[in-house]
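You will see two complexes here that share chain A, one where it goes with chain B and one where it goes with chain C.
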Partner chain A sequence: MSVAVEPRHGNPGALQAIAAEHARSRRRRRLRGLGKHAFLIVVTLLLVAPFYYVVLASFKSSTEIFTYPPKLLPIPPFIGNYQKLLGDTGFLRWMFNTLFVAGTVTLIKVFMDSMAGYALAKLQLTGKRAIFLAMLILLMVPLGALIVPLWALVNWMGLTNTYLALILPPLANPLGVFLMRQFILGLPKDLENAGRLDGLSEFGIYRRIILPLIKPGLVVLAVIIFTDQFMSFIWPLIATSSDDLQVLTVGVAALRSHGGADYGLWSAAAVMSLVPIGVFFFVLQRQFLARSLAGALKQ
Partner chain B sequence: MTSASTPVSPTGTQYAIEILGVTKRYGKITALGGVDLDIEPGEFVVLLGPSGCGKSTLLKIIAGLEDLTDGEVYIGGKLANYLKPSARDVAMVFQNYALYPHMTVRSNLGFPLKMAGRPKAEVSQKVETAAALLQIGSELDKYPDELSGGQRQRVALGRAIVREPLAFLMDEPLSNLDALLRVQMRSELLRLHKRVGRTTVYVTHDQIEAMTMADRVVVMRHGLIQQIGPPDEVYRRPANRFVASFVGSPPMNILDGRIATADGRRTFIGPFPVEITGLAGATVDDGPAAIGIRSEELLLTTEATAGSFPAVIELVEPVGADIFLTATVEAGTVITIRVDAETKVEEGATVHIQIAPGATRLFDAAGDRVRLAGDGA
Partner chain C sequence: MFLFFVVFLVIPVVGTVWWSTQAGGIVGGTTNVGLQNFQRLPDLVGATAAIQNTLIFALLSIPPILIGALAISLVLARVGRGAAAYRFFVYFPVLVPGVVAGLIWLFLTNVDFGLFDNVLRAVGVQPVTWLGSDTALGVLAALDVWRNVGYWAIFFVAAIIGLPQELYQAASLDGASTAKRFWYLTLPLMRRILFFAIVVSTIWGLQVFDTALVLTNGGPGTATTTIIFRVWQYVFGTNDKVGFAAAISLVLIVAILTLTLAQMRLLRSRRGDD
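For the complex of A and B:
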């Protein structure tokens, strides 16, 4: 049995017109979609190309790098650059120094900043506003303006050429405290109060209630601090002169002064330097999602 | 016996909670202006008042979550001013539940006991008992965000119950539930109170909750207690104009006028003639005054009778079992009348209104209710 469809506009041609309009609209959407994808592909290529070039160069010998037309796939791969990097330079030592310094700074800072953030956000302290204001002002002072007095201070303390010279100064950066304060301010006061009634101390509230709830914030902070330390160059260059204390950035930069322009070696160093930070991101990305606050409070 | 370090209540009585002259100031703002309140063991006391009246502040002061500026709080006969919240033997249910979102229902319920260092077996047994009591036994391994509003509310209650405290403090615990669930939880809470039998201090701005649940209602405004009494007394014999207009829906009709003495006889001169019994002996001066009449104490008559006055019906609002009528009397004064749903009345009709005998409350120029002979209080 067929069902008669009454044309919506009382006009037999109207249905066909509507169908045609739908078809046109579909075509337009498809074209727009194609355009968007083409644009995205171009942007992706622009972003990936330099990185790919570095990886490519790291697997080529010095002569191969400059052949024309360039080989787009390093087959067979030349691993001499990596052998040289790991065997003839202090790369592994630099890597250890970097990971040790960045890891230590990250651990201490995440702990300290979250505690200070909690205090500034939730505790009743005399002079809290003044402290917070001082931190905001300090945030605006560029590193360049601090380097000389900082070096003088570290030198006076007899810390030059020690790990402490690399670890202590970054701990004083107030950015993390600021971030943590803002994060913790968003947590409802009733949760702390519930903790107080349940017999938690202030530290207990921080550790058992606040910390688990600000996990995404802690991860963001850890990533910021770690990458910042991983890439920091000026201060490690100034604070240390001993080869044993060189960090990656300083060590890789120093490669340029040894043995002329070895682009293959530099590229291998750049690629190897990216490994830990890639692993760090990969491990932490799953931690970005903490249990949402949804269940705690009224909707 | 009480040790010397924990002072007992100066009144020497065994109130569950005793509040003496409690004041709370935030800078220049006074949140509580000298509050006195005694709460008997097992009593269900409701703090009722509009937003900002200080009811939640008072509750937090009892809980130890706010410091008081002046005064004393005794819990279980012991001075609690300097005790930590956890040492006060009270449990609180928060307006927004305040469940720990990163813990399961089981951990949420057991957390206060765990913190108190109770053995695992005991914690587990008490959690199971509380969960069974609140019918959330099957939700124990869920996280708060997997629960419905009502279930979260039960978990919040359960967390208070497992502690077996001297008193429950509840800060508008039902205000986030939808209307139907609120009614259901209200009666469940009452049943629970009857079973558990603990002193409860309950804060709300919802007068229905206050009237249905309370043994005594404490009406507050501007940080001061306006009246303390059983719901019926607060409703029938409000201490002042504020209580009269805050408690009851629709609010009490308050009609301004004045008291005058003519020919040695005292009368109230208002928008319509009112006979106030007991006015002769009342301790009130001649001058401005007001009367209050509940909407259900105004009776409709079809014909003018002695003491009745005419009014024009402006608005008819059926609310189920009742109809609220808004009427204008001759002097332009608007009053609300509650009649049952069977009453046939149309907008624009002229009716005659009779005041039920003894229904008139008299308020003096300051707004306080004047005791009249025969009104019982």
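For the complex of A and C:
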């Protein structure tokens, strides 16, 4: 390596050796880069293959689905499964219910959680620490473990088979408050103090100063809540028995359990269920990926 | 918010304790039987099988999820071109509701036309009955790996990107190999993150329900009957035993609270203070 100090006057043999060494390391780096991509491509294919297989099945008639070897491209595509799904089942109604419930919960919760988070972060409240600790401890308790008392409670309130039964219990989840508290704690104090000097009320400070600052956090929170709501199953399953109130997951599960095996219909249902969340993900990729990171904020 | 938190979370948690001492149906009257439900719980074949299945499920699914996620994230964090596309595809299964995931896996595990058996046929191996009583729980765990590996992979990517680069440069100058850098730098630096991931993925794993309902309906027999599946059966199935349901729920809640508290304690002690 000492020859590298004076490359211009060094002997040509050493120069060549250095050049060769460079080329070798470059090649090695490129090879390693290729290895990385090969690994990621294999992982991606493994993860995506199930989707492709189901999309494929959804464009086949029942006999074609059972044909071996399977056709790997659905040409000509058979759209009977989709016609049946949209025409003969309540799929569109389920989809509406899911979007309506998830949308409502998201709207209410983003507003409520950010306010509660502000209160926990900045206001002098008696018992603030106790509330916060209780939320932290119960953060992970799932609705699924609470279905007995929750059902009894909602039944006692006379809410079974109403949209309220689907919307109210998920509002209790403390994750959003928790995230918002952490987020708001990270904001500089000067701004709100300035607001206070200007005679803003606490709500005014929240609305005019805090809210604009935490907008990016709110979008992430909305994505977290909406996705959880979109995927929720056990509570909607037991809270509603009327067909009109079934959400997507409940309706799709009913397709599976009632009537005989209809693989064509099931595959179409699986594909169509993923369309809305897929579109949202494509548009809001960054926020969705941040959903995974929200866990890190918990620390 | 605080009102909802109390009404729909605190009261139900406390309510579970009350219900667990009751016998009878959820709508009819109930009678207080004290701790009898808990005393009888170990003898109930259904209850013990459900707890066992859930624990085995967690043991089968969590190690591959976290190890796989770590492997993916180590590569994904160091890749330049195409990173966004990889992230998109790796994360996509995470957004599939459990019910839909169960449906999708019906198409992979079907004996006549499933993807797995078609691949086996193509390479000349005898097809396998994937959802038989010996394998169904394993398939359910595999489904969970497929659905959750992306979540933790993206989570770890963020952690890895946040690691101090100077340490890695120093290690490179000292001639540490990639494997050594991983073992002596990345792993220790990510200790807290990994611990967090283990606890949270365990808590999630204990809640498995919707995939089991759609893919195998808890069967064959009770091979894939999980805790929440059993709770649901006790309350809304033919046998109206709400006390048992609450008692098993309480076991689950206590397990989850213990894990949460252990995590809070450990993270706090490492940091000194809240």
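Please note the rule applied: the second predicted complex is superposed on the first by the 261 of 299 C-alpha atoms of A that agree within 3 Å, B and C clash if a C-alpha of one lies under 4 Å from a C-alpha of the other, contacts with A are read in each partner's own complex, and residues count from 1 in each chain.
Following the convention adopted for this analysis, a residue touches a chain if its C-beta (ideal position, glycine included) is under 8 Å from a C-beta of that chain, and two chains touch if they have at least 3 such contacts.
Given the structure is predicted, the values throughout are model-derived calculations rather than measurements.
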Report for A:115: first if it touches chain B alone, second if chain C alone, otherwise both or neither.
second
Given the touch rule stated above, what does A:194 touch, chain B (first), chain C (second), both, or neither?
first
Using the touch definition from the top, say if A:152 reaches chain B (first), chain C (second), both or neither.
second
On the A-aligned overlay, A:256 touches which partner chain: chain B = first, chain C = second, or both, or neither?
second
Once chain A of both complexes is superposed, is A:209 in touch with chain B (first), chain C (second), both, or neither?
first
On the A-aligned overlay, A:142 touches which partner chain: chain B = first, chain C = second, or both, or neither?
second
For chain A, which side has the bigger count of touched residues, chain B or chain C?
C
Chain B/chain C common contact set on chain A
292-293, 295-296, 298-299
Hey, which residues of chain C end up touching chain A in the complex?
1-2, 4-5, 7-13, 15-16, 18-19, 26-27, 72, 75-76, 78-79, 82, 84, 86-100, 102-108, 110, 112-113, 115, 118, 121-122, 146, 149-152, 154-155, 158-159, 192-193, 196, 200, 203, 207, 209-210, 213-214, 217, 228, 231-232, 235-236, 242, 245-246, 249, 252-253, 256-257, 259-261, 264, 267
Chain A - residues contacting chain B, complex
188, 190-191, 193-194, 196-200, 204, 209, 212-213, 290-299
Listed in rising order, the residues of chain B that touch chain A in the complex are 60, 63-65, 84-86, 90-92, 94-102, 111-112, 115-116, 143-147, 149, 152, 159, 176
Which of the residues in chain A end up touching chain C in this complex?
33, 36-37, 39-40, 43-44, 47-51, 53-54, 57, 65-70, 112-113, 115-116, 131, 134-142, 144-153, 155, 168-169, 171-174, 177, 227, 230-231, 233-234, 237-238, 248-250, 252-253, 256-257, 263, 266-267, 269-270, 273-274, 277-278, 281-282, 285, 288-289, 292-293, 295-296, 298-299
